[in-house]
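You will see two complexes here that share chain A, one where it goes with chain B and one where it goes with chain C.
Up next, the complex of A and B:
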């Protein structure tokens, strides 16, 4: 029975991997190239979904759930709301890319990919024996509250700071402060 | 002078013939010299399906970007088919990272640029989880760092989109080409 399970896993895993790649690569390009930017925002959900599938293949069940809950729902929602606020008519973006940057961008991306790929390939990875953690969520919780409790607390402080900072940045200050009022008037004059 | 779709299809077919030839040389060389070149059947199957798709799009005069995406996915499958699983996953993350970097350099819309940055952060997450799975499977520390990256990504998205909103309020546009507010 165990033989059958391991055999099926060994054959199913690459098939699932390539199926997810086939989904992920076109969706990722869709995020960049789609003319309707609101559709690009929703395609992003698909990319995050396939990435959570990759996490499931890599036996990271907790992260797959967190990926869907934080990225695919939370961050994408924030992005879409920002799109609606900044582009109220949601008209089509006739030219989603800057023509002058296309070739340099492609060369840079190609160079980055080639560098990373060659570095990964030539490395001799110290592969662990196939001893899968039966309960990775338990291990994550243990480490999060013992060895890595300090970064955990720091990340909560970071989240709080980001919350307050984004509110500060995004709230419209209709009545500017007294010291900045003169500056604002001068700015308005100079831009006119 | 060739028309554009025709030129695309010729370029595609020539590239595919070169890749196939190299691959066939690799396989034949392996059977003769035992060089340790044994590709995976699933990867080869996916690559050939992609080749058929791309050739179909090229012959039917499909959109240039469709052909390009099929070609990139095909190149990825060919590159990765004879690697071990860890290298496979990490190459996928490198591909996603470079797609995100291309989008970040190229996009005109600031929000789309932020989406590309999210793609890059996700690529790093795939890397972390793959390393946790294959190198450190008992104490899965890579997943832990992926959780921290997730937290920082949430903070980054909130602050970045707030900055985009502030830019929009000052500029009435989030076009990156019109955005030179450093010289206020």
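Up next, the complex of A and C:
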């Protein structure tokens, strides 16, 4: 088996990387250019899937699996379902963009790109030739609960706030329509 | 003349009739299981042992060695590819016959000897049907959906192969350090295929079915994953082979009975005994919770709301026909098989016998039989002894037998549940998932983590 492993590390890994990128970049463009927003959502799932492939190439199995489970399937699927529920016509968006929206849209996109680009470039990315720890899963668990526990807890607070906010939005009292008012009250009483 | 012999042969309805049908069902299962695992065995032996050996024999040099190793590395994939279609055929037939048994009918018994070939005929029929794409459907996604639904069940189960073959050298390299997490991640993908197919069919019934299935899968995945995580906490590992190995040595070491809490309990202290008892009880509850969540995850009755045929025509696969429908069908039964395998590996001791002595006796018998074959046949027929020896690895053989027994018992149990329970209503389903199962799974997670320290 050793010759297969060495062969895969020397030859297969770069090929796999370019294959993944060749798949990922067109998919990422597809998310932006596809007229049907639901199809764009499904393509986004594909993009996250290929990103998890890159994690796999970097020997970060746990992160790759978490990427598939949480981003590719969990979050994006919920987004797609939300789109299906709010946009039930399933029509493709064929209307051209209004001229007045183009410049602000471009500026916002540029700003976001510049922020992300600068954030990535400002960080030094030291590259170790080998894995720092033999078991990356253990390392992730250890650092999340020791050195990075504060950011970890803060992100959970963010999620909690989002959760409570969505519940507040969903539960907010809408004035029921007059014809249904009596029915709704009767229904509420009967279920109680 | 012939009619009188038939009436004499088949008992009248009643307990005798049921026993007679049960006997026929067991005969059918054994025949089919022999066919399935015989085919898998021969295929993996050809690819993993015979072909590489032949290539290395007749071609010299490094190159031959390399090709041989590539073939050996392909063994897990080949065995899964051979296994899945035959297994799905058997499971459909098994389900129909078992349901017939539970509802006092006879089930399919015309095609082939006693209906053995019914599903083979069904499969051929499905493959030759016209493949229709409905008007207004999104053709690419319509075609992609069955593939996305099915492919993860092939590749997702690979780490389990290392566990169920007791870490056989040909299969040990598919074992990942994050094995069970990989299985869980892969088994979460098919729901994308469901939603995709339901949306692409351009059909309201399909869409409602797909949305229901997505809601159901997302809610029941949480207790499913939490119950598996609890087992991982108990075992202290994500590696399926390691988890399987820790459960060796008898019924009480299986994770379903507390993973050795009862055997390791310190008999001197009362806290330890009580903790061990509570822990084994909570593990039984955990196992039941896993079974419920898995049942919902693979859309089986009582959680088959996505395809509730009396309300939704047939749910997400209404518009599918021909080979695409066949793929959906295949994937559903394969998923049932996979969740049963995960339950076997994580809870039911994988390849370990209920009594450790049983394992020793069986491995010993197989080993001595092999030695006998080696001595007698090898002396007379040259290479034949080597061939037989390469065909059977005693530990793997015995472990695989136990795994087959356990997995198919779980499958028959799922069929029994299907024959017994009515379908949930959608609000009951959601209530049960979010208000009962998820809190229970969190409580069990915390309880077992603390109890493990107390034992």
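By our rule, the second predicted complex is superposed on the first by the 124 of 192 C-alpha atoms of A that agree within 3 Å, B and C clash if a C-alpha of one lies under 4 Å from a C-alpha of the other, contacts with A are read in each partner's own complex, and residues count from 1 in each chain.
One rule holds for everything that comes next: a contact is a pair of C-beta atoms (placed from the backbone, for glycine too) under 8 Å apart; a residue touches a chain by one contact, two chains touch by 3 or more.
Computed from a predicted model, the values in this text were never measured in an experiment.
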Can A:62 be said to touch chain B (first), chain C (second), both, or neither? both
Using the superposition on chain A described above, determine whether A:23 touches chain B (first), chain C (second), both, or neither. neither
Classify the contacts of A:79 with the two partner chains as first (chain B alone), second (chain C alone), both, or neither. first
Of the two partners chain B and chain C, which one touches more residues belonging to chain A? B
Partner chain in contact with A:42 - chain B first, chain C second, else both or neither: second
Looking at A:159, would you say it contacts chain B, chain C, both, or neither? Reply first, second, both or neither. first
Is A:121 touching anything from chain B or chain C once the two structures are fitted on A? First, second, both or neither. first
Chain A residues where the chain B and chain C footprints coincide 62, 66, 74, 78, 85
In their shared complex, at which residues does chain B touch chain A? 40, 42-43, 45-46, 50, 65, 69, 72-73, 76-77, 79, 83-92, 94-103, 105-112, 114-116, 118-119, 122, 125-126, 129-130, 132-141, 143-144, 146-148, 150-159, 161-166, 168-169, 174, 176-177, 184
Touching residues of chain A toward chain C in the complex: what are they? 1, 3-4, 7, 36, 38-39, 42, 45, 61-62, 65-66, 68-69, 72-74, 77-78, 80-81, 84-85, 90, 135, 137
Note which residues of chain C are touching chain A in the complex, please. 62, 65-66, 69-70, 72-73, 138, 141, 173, 176-178, 181-182, 184-186, 188-189, 191-192, 195-196, 199, 202, 207, 211, 214-215, 218, 238
Sort out for me which residues of chain A touch chain B in the complex. 11, 13-15, 17-19, 21-22, 24-26, 28-29, 31-33, 37, 40-41, 44, 47-48, 51, 54-55, 58-60, 62-63, 66-67, 70-71, 74-75, 78-79, 82-83, 85-87, 93, 95-98, 101-102, 104-106, 108-110, 112-113, 116-117, 120-121, 125-128, 130-133, 136, 139-140, 143-144, 148, 151, 155, 158-159, 161-163, 165-170, 172, 187
